[in-house]
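Below are two complexes that have chain A in common, paired first with chain B and then with chain C.
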Partner chain A sequence: MGSVTRDEAGWRFLGYSFVLLVTLLMIVPIYWIVVASTLPEQAFLSAGTDVRLLPGSNFLANLDALQARESVDFVQSIWNSVFIAVVYTLLSLVLCSMGGFAFAKYEFKFKEPIFYSILATLTLPIQLLVIPLFLLVSQMGLSNSYWAIILPWAANPLGIFLMRQNMKQIPDALLESARIDGATEFQLYYRIALPTMKSSLAALAIVLFLFQWNLFLFPLVVLEQGKYTIPVAINELIGAQRVYYDQIMVAAALSIIPLFLVFLFLQRHFVSGILAGSVKE
Partner chain B sequence: MSTKSSNPVRDKFNAVRERAGRAVEPAWQSAMDTVRPLRQRQIRRTRAMADRLPFTVAVPYLFLTPFFVLFSVFLLFPILYTVYLSFHTYEGIGTATLFWIDIGPIQYRLTRIAQLEFVGLQNYQRLLGDALFQNALANTTFILLVQVPLMIVLGLALALALNASWLRFKGLFRTTIALPVAANLVAYATVFLLLLQDNGLVNTVFQMVGLPAVPWLTGGTGLLPGPLKSVLGTGFWPRISLVGAVTWRWTGYNMIILLAGLQSVPKQLYEAAEIDGANRWEKFRYVTLPQLRPVLLFVVVTSTIGTFRLFSEPLIISEGGAPLSATRTLVMYIYNMAFQQFQLGYASAMTVVLVGIVAVLSIVQLRVGGESDG
Partner chain C sequence: MASDATVWGWDVAAKALDVVDDPYEEEHGGDITVEQFGRSNMKDKFKSRVLSGSGAPAAAMMESVDAAAWVDTGGLRDVSGWIEDAGIRSDFVSGKWGPLTKDGSTYALPWDVGPVAAFYRNDVAEEHGLDMDGIETWDQFIAEGEKLPDDVAMLNLPPNDYDGVWRMMFRQLGGLPFTDSGAVNINSETSLRVARQMKAAHDAGITSSVASWSSEWFSRAGEGSIVSILSGAWLEGTLKAEVGDTSGMWRVMRPPAYESGGNRATNWGGSNLVIADQVSDAKARRAWDYMQFALGTKEQQVTMYEEYGLFPAYKPAYESDAFDQGSEFLGGQAAGRMFAEIAPNIPTYNYTTDTPEITKAINSELGRMISGELSPQEAVDRAAQQVANRTNRDLA
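Now for the complex of A and B:
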């Protein structure tokens, strides 16, 4: 560590303050969810009179209330969400990276029209496809199966766009020299494109996982009890007569955990992706 | 620096990079080393054969096929079906229920398609005179103009700070800031509903530090300076709440993508710029921004699309008492039309128009972003 100039110290102070402030703003609602999940409903519904900022001891009671519900098996819905999101992410990563490789590194007929027609669907609000998709999925006999949620967006236009943008950075000379070394075209993809794109793949994996994790309307239409994902299960707690805030808070607090694990896991890959690019001989 | 290897092409490639002042990327080298060299004659024979086969022409198509099959079945077909529907009227008077949607107090019920009648462009003509559609378009535009720039600037600033070598606890900050995307859609909208009540936590804190209570959800132009009142109209605060909620949720997500982009900028470029005497701003302007352009463009386009997709948040916030005319988004209006009024044809026509608007916007953004490539 060398000495830090005055100017530099100012920047660092500014940077830390900014990051800390934003972190605080981001954490407050989440902290609130966690705190609320440990309080009886009356204690957090009207904060105006007496604000409770510390956790209470009602978590297990709230959880019991959630577990006791006939209509929702919340533990099962966490498993459903995790399974669907993981399978979806893996499948979509393969499809998008292969397609992105084709668009970035090959010349072929109708390349531009195909790419732009895929790109154009990026602009589509997916909620609006609920009706035709529902008809399609039930025609295929897929309703109330995991595949009804996994397949429709596995060919993710967002993913192929991101992959194409990133794979353009792989130099052609590198692929050409590997070809001369006798690599097959699939090996170029598998042995060169994928390893060098590790950090992009990790970023895309987060994107895909979140996309699937947050899907709400289509699962709501297609899935039935027992196959519910977390958003659908939580929606069950908002009744026409009464909103079960305490149970929603418990469910929300629990639903954050798997996502937290995904972040922690993929961050390691971010880091290794960075190191691979910066280590010098 | 680099040792002679058995591969002349790679040597040449490295030599060119060295001359250009750019270091050889070791990641690529190791990737290349895993591709085992074959004997020269065998290679020549294989390649001569491969050039003659139609198979080699098919290679890019083979890479693309798995994607394209699913894409055609699950995206292209439904889209075309929507376009088809937009030229028809649909009477949902059948008896069999197709499906129920039950979002809290709101229930939709779609009955079997009973009749489809061709009406040509009638649905599109109706659109021109629909005040509610124009209102929804105006709301969406307002949110777009405030929310997207705010979120991108915030996300970029965060990514830059988190990419600085001196910042500690990076992983912790990154995870915490990105955590809101993990919050479930329904749950987080409910939480904001609670936090933003007139006597909710936010206003409680505001009053503690001496600020006035803000009518976050119930609207009104209170607290705004005079001339702004007539311009922004009622429902200013609910829109701001919506902007705040969406920004809270998605900033960390954009930050992660931008951070991944920043980390793929070669360090040598900064070193070279430093040798040339570039200051902080110049390094940002001439190294970071150009290198980041594809990622930045991606973030801008997807955020724009995301704003046009807003549905659950305004729905739940307007449940909290916000005037519907202030927060009704396009997708919300289309959804009401499709599932409450059962006018599938008209809803489809609006969908087509909405997609057209977003497509034009995206193309403009891509053009503008791509052109300044130099």
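Now for the complex of A and C:
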């Protein structure tokens, strides 16, 4: 402790207080969703009179009401979302790391223009892409299938960019010596490059999973009832004359769980993965 | 004619279509599938599929307020020919056709209308000695409201929907938000009159400001601390579902007039059915055949009214004695007959692709007027200017 001056301690205290405050700001809405999902609608919507901060016992009743909805099969939509997000994340990790490896370690014609055009697609908002992509997937005979949602963003430009930045760190000498030892190009990627990229891949996995998990407009337009993902299913609960907040809260609370698990599983890689490649030495 | 067709709709409207599905198939053959959606989901999905030219159902529900934007996509089928062939145009209340028509072509068949009434708590009115039957004008309405104690409001003006109230009152006076040449006309004398009337009601202290469709709104309607709600005929069904234990305590009256002898007919809400242009002629014919059966026959419209409270735009239905039946929820009052008398007198109205801008501008500027920040004249002027600026339209 001797080396910590009073000043430093003061700054540290301020720093931690700030972090704590931000954390609270993040957690309160989530906590409130969970609490609200256990209360009858009237109890959490009655304007400010008595705010309930502790969970109640209405969770199962709200869940029953949600499951009784005709136009929404919520359990099915959890499965749809999980399947789509998991398959998408795995596929996209493979494609992005391959693409990133190519852009980082190979020389080929028009490399820079191609890379920057891929990067430029990041600026296109999804709303602009929905209709052309819908036409594309329906002409491929994929409409109303999981693949219609998985394939269009499988080669994710952000993912390719992140992987390229990180893979630039791999020393060329390492790859060269492996080549001399007779490794094929695929082995270079698979045996040499990938194992060093674990934390980047984990971080990217979280980003990709989140992206797919939250996708709304495209699944709404492409999928039919029964194939709906969670965000689309939740939006079904907004009726013309009535918004079913109790059911929405249950659905929202349940939809957090898979995200939570993914993050918990990959979190120790997350920060180091995002930071990797951000500093040039 | 194709053997099958799919129809999209939301909420009770979709359920109502489902009810007339069986009798249709019995009488006309064919196989109609009704798919039910959440409202905003259906709108986004239908519009995207219409724009992309593939994947749309044969027929779908469309609110009149969206008509201009949907017709503008170029993806709806012009059904004028079929309407003329069937000779049914004059069977529908005339106020419905305006929004569905562009350059002489009609793109939808009217379904329901929302003749406006003030739904009020008769028990509370009696308790405080209000003479609701004697009210004809806004002045009288406000005078009666002043008899109520401070914690009971005569009328709710929802801050999230000043636009809904304004539009209903504006239409009652025959106001049109756009001129024939498309100029913005919401700062007209008529619009100013409406704004002044809303402000007068507020300043008299007879109003509450609770967001519509919120649970507080329902609970205050249930406990009777909001005496009246201006709304379309369909509100009865909603009140029944949400505050069913107040059954028998409610009544309806026509919306107050601006002066003695003034018009007391206007509209809030209402839908139509459209056919997507991308479906084959054969499918479109099947869809039309079903639409004509569902929306343009007396029997089916009466069924929809009785089962789901959808008030027909199809006038021959009003001959049915279903409209003379006293409603238990309304203490035996034959509200249907009153609405049937209002419906044909609803003035026409126009919507454009820029209607959402009017909604936004009116909501925010009238909000500032109610809170005392702006005078009625300033509020309508600013709203009109704001719409004109954002849409490159001229001011009327």
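Everything below uses one rule, namely that the second predicted complex is superposed on the first by the 252 of 281 C-alpha atoms of A that agree within 3 Å, B and C clash if a C-alpha of one lies under 4 Å from a C-alpha of the other, contacts with A are read in each partner's own complex, and residues count from 1 in each chain.
What we mean here is this: contacts are C-beta pairs under 8 Å (C-beta built on N, C-alpha and C of every residue); 3 or more make two chains touch, one makes a residue touch a chain.
The shown structure was predicted, so the numbers you read here are calculated from the model rather than taken from an experiment.
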In the superposed arrangement, which partner chain does A:Glu70 touch: chain B (first), chain C (second), both, or neither? second
Is A:Val221 contacted by the first partner chain B, the second partner chain C, both or neither? both
Of the partners chain B and chain C, which touch A:Leu95 in the superposed model: first, second, both, neither? first
Just chain B (first), just chain C (second), both, or neither: which does A:Phe134 touch? both
Chosen between chain B and chain C, the partner touching more chain A residues is B
In the superposed arrangement, does A:Val243 touch chain B (first), chain C (second), both or neither? both
Determine, under the contact definition given at the top, whether A:Leu264 touches first (chain B), second (chain C), both, or neither. first
State whether A:Leu142 touches chain B only (first), chain C only (second), both chains, or neither. neither
Identify the partner contact of A:Ala61: answer first if only chain B is touched, second if only chain C is, both if each is, neither if none is. neither
Touch check for A:Leu122: first (chain B), second (chain C), both, or neither? first
Using the superposition described at the top, list the residues of chain A that contact chain B and also contact chain C. 45-47, 131-132, 134-135, 217, 220-221, 235, 238-240, 243, 245
Considering the complex alone, what residue numbers of chain A touch chain C? 41-42, 45-47, 70-71, 130-132, 134-135, 138, 143, 217, 220-221, 225, 232, 235-243, 245
Where on chain C does chain A make contact in their complex? 10-11, 13, 35-41, 44-45, 48-49, 51-55, 213-216, 219, 234, 238, 241-242
Could you pull out which chain A residues touch chain B in their complex? 11-12, 15-16, 18-19, 22-23, 25-27, 29-30, 32-33, 36, 44-49, 51, 94-96, 98-99, 101-103, 106-108, 111, 114, 117-129, 131-136, 151-155, 157-158, 160-162, 165-166, 168-171, 173-174, 176-183, 185, 187, 189, 191-192, 195-196, 199-200, 202-203, 206-207, 210, 213-214, 216-217, 220-221, 230-231, 234-235, 238-240, 243, 245, 248-249, 251-252, 255-256, 259-260, 263-264, 267, 270, 273-274, 276-281
